[in-house]
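Just passing along the structure, written as structure tokens.
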Amino acid sequence: MIDITEIKLSNAQIAWRAAQDIEDGAYVNLGIGFPEMVAQFQPHGKQAIFHTENGVLDFGKSPDKGHEDWDLINAGKKAITLNPGTSFFHHADSFAMVRGGHLDVAILGAYQVAQTGDLANWSTGKGGIPAVGGAMDLVQSAKRIAVITDHVTKTGAPKLVDTCTMPLTGVGCVTRIYSSLAVIDIEVAGFVLREKIAAISLDDLQSLTGAPLHLDGPLQELACPKELA
Amino acid sequence: MIDITEIKLSNAQIAWRAAQDIEDGAYVNLGIGFPEMVAQFQPHGKQAIFHTENGVLDFGKSPDKGHEDWDLINAGKKAITLNPGTSFFHHADSFAMVRGGHLDVAILGAYQVAQTGDLANWSTGKGGIPAVGGAMDLVQSAKRIAVITDHVTKTGAPKLVDTCTMPLTGVGCVTRIYSSLAVIDIEVAGFVLREKIAAISLDDLQSLTGAPLHLDGPLQELACPKELA
Amino acid sequence: MDKTIQTAAEAVAQIPDGATVMIGGFGGSGAPIELIHALIDQGARHLTVVNNNAGNGHVGLAALIEQGRVDKLICSFPRSADPGVFVAAYRAGKIKLEIVPQGTLAERIRAAGAGIPAFYTPTGFGTDVAEGKPVAVFEGRSYVQERWLKADYALIKAELGDPHGNLTYRMAARNFNPVMASAATTTIAQVSRLVPLGGIDPEHVVTPGIFVSALTEIPNPAQEEDLNRAEAIYP
Amino acid sequence: MDKTIQTAAEAVAQIPDGATVMIGGFGGSGAPIELIHALIDQGARHLTVVNNNAGNGHVGLAALIEQGRVDKLICSFPRSADPGVFVAAYRAGKIKLEIVPQGTLAERIRAAGAGIPAFYTPTGFGTDVAEGKPVAVFEGRSYVQERWLKADYALIKAELGDPHGNLTYRMAARNFNPVMASAATTTIAQVSRLVPLGGIDPEHVVTPGIFVSALTEIPNPAQEEDLNRAEAIYP
């Protein structure tokens, strides 16, 4: 198997790439953990508005250490700050926003994504204690569901698969994957490759992917700022 | 048929009688029109808290003429005032209070009440334009549903009936009727007479009632302040 | 991002013939009179309107009906001090009426905004309004299934608004406005005062901006009750 | 009418063994630590607890679990920085776990408060959490039927409270507290500041007093995060 350690994108680069597609004025929910990083890379002149499940819309960046207020946190329980324009609301209202289709984009992590758009990201199914949080609500309801993820697991197994073997978070919900090697849309045909990093061949990329990669129109180079590597 | 014009209670007296049963601290909704009058007769030392469907809890009495604020109205579109303790909320939250069973008492008017507790008070069924408002929600959900009404229609027909002939507002919902002649509970047996005005005989009262009046325990005199007559 | 629009006319310009339009308010309180009048001027026809009532006098919703723009009205209580316009249109067969219990109306609108296609309510069980609807028993009690109610547009009235569309309301004028804001594809708010971003305390926002597409400042908005006492007629 | 109670101990005194208790908060924000600790002192056992999480460290909900008082936990996310107490109890078979997606949890609680016994949601369709639940198709899309979730008691944390039980919250500490307040037979609030009647602007009330049975003032309430950073253990 090809060793991608040296060529694959860093998490920061993946997050940067995902951030480029967020339109000005979009309402965005970022999953807890790695996806939170996307907020750092909003392109100049495009201002996204971030929603967090625990009842805050239009919040600001992390406070300096020592300036946290633990009543002002995001869904990952990390401290956030106020923006001019912030609003607070209770949990049922917060998920009314989610379920009602008012979010433009949700960006989540993944254990597995199937070529049908099925997502598994809440339970490994191996006897660990399951924890679903707001993921199942988000994936059914935001107008666009994107995943950011390493292209393969730590042991080199594909995370982009024919059929998910882990418990599903949602059925047919993901429409775009930003991986450490490529940008892939999910359409009727399955995985449609839009961009790949220059350092990997199409054949090698296919060998690391658990279902066929289709081409439809021009294939772009996936280029990210080197300083984020 | 007996003429009750001279002996029957006034609307104010009926409203007064209904007000005596409202417990201190009770949350109460008064239907639009005649039932609104109940608020004027809260017994000394008992403070009810009034809810109106259009999103106000714990409001005060009517303002003086010329001091109305038309953003501060009740469900009957009459001007009200603020109390210390008033709160505002939107319509879905207001009916969450109603439907969720948080009101202790709702007092409504009636076209007909059946001995089963069925209530008809929204449509005469005669080709008039129907208007239901919040009545159907109230009658299904408040902990106690009481009706205040004349005992008979303007033409002398019973309003307390065996079976409602007009379109129903709710099924089996009314538990007490304060009429212009009597106080009647609705129980498994049907109409159970609790109080009647001294000036009418039991036989005459029965003749003005469309279903059997049962006795269960002592029959009290229905006595109301004469100055309200 | 700035959602503010200069005039009511511009705010309602895109509403097409045949649109379903929710109009906030309970009677006159919270009724967006200026937006409704702008919609009359704009000329859209064959509208389905969702409102608690059916208009009063000859202004606001009553005027929209009087101008023959409303094919169907979904409401809970088509009575008012002066319901003549609606009554005449209804009796002439010019307007269809769907009566919905007030709490069910509010919850159907809230459900649309919250992505809930159907829910069960005890309201209306055993009555005419339950006719043709599925019934189910939960824990021994019977309930009626009701469906969400969505709209293409919502016209609402708020008190303060900021450029992101965060809104507050004034007293009982809140009523249907916040739930309607959440249930329409496009929500247009008239605000009595436009404040800068940050001008509304985050704890006091009632409608977060995510539910608002556009807002326009109408200082000193007309109150339906005052117009009717002055026997106003629009246009 | 005055719903204020002098001490947390008195406020929770009536909670019986076997009760279902909703506890507000999302992680530590909005968690009524003093009420939970009073419940630990009070001694009630075999509780079913509804909370978004499963405790963190050895205080609050984690301490209640560590003391063996909780037979079953209904939550969306039983992970935290230090979930050891829950994990140990779960692995030892001492506590049952029902996992509910967070939005479904919030809506089931809201439905209980709003008198809606069941509703349909797209959330969880086609996943393990939909197993055994009715499914229905509306307008071509599949939805799962979810049921209301009621409780005997709710323990919540608020910022301001008045003698009628009107409440406000502090920033993201609002979270589950208002919906839980509406869904329990008896709702007990700890408030950081008790104000006289009229001390809360009617426009700013988040939980109207109708949902609150009793409230007690706990000035300067403990923050779970601070306790855990200080490695506190209760009792």
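Per-chain numbering from 1; labels A, B, C and D assigned in written order.
The rule is short, and it goes like this: a contact is a pair of C-beta atoms (placed from the backbone, for glycine too) under 8 Å apart; a residue touches a chain by one contact, two chains touch by 3 or more.
Not measured: the values here are computed from a predicted model.
Listed by label, the chains touching chain A and chain D alike are C.
Among the other chains, B has the CA centre that is most remote from the centre of chain A. Mean C-alpha position of chain C lies 34 Å from that of chain D.
Taking each chain's centre as the average of its CA atoms, chain B and chain C sit 30 Å apart. Contacts with at least two other chains are made by residues 107, 110, 114-116, 121-122, 169-171, 202-203 of chain D. Counting partner chains per residue, chain B shows two or more touched chains at residues 88-89, 92, 95, 98-99, 141.
Here the touching chains pair up as A-C, A-D, B-C, B-D, C-D.
The touching residues of chain C, when paired with chain A in their complex, are 1, 110, 112-116, 162-164, 166, 182, 196-198, 200, 202-203, 205, 208-211. Those residues of chain C whose C-beta lies close enough to touch chain B in the complex are 26-30, 52, 76-81, 83, 86-87, 90, 97, 99-107, 109-110, 121-129, 169-179, 206, 223-226.
Within the complex, the chain B residues that touch chain D are 24-25, 27, 47, 49, 51, 57-58, 82-89, 92, 95-103, 141. Residues 52-56, 68-73, 75, 77, 88-92, 94-95, 98-99, 118, 123, 129-137, 140-141, 167-171 of chain A are the ones touching chain D in the complex. Chain C contributes residues 107, 111, 114-122, 136, 138-139, 141, 143, 147, 168-171, 202-204 to its touches with chain D in the complex.
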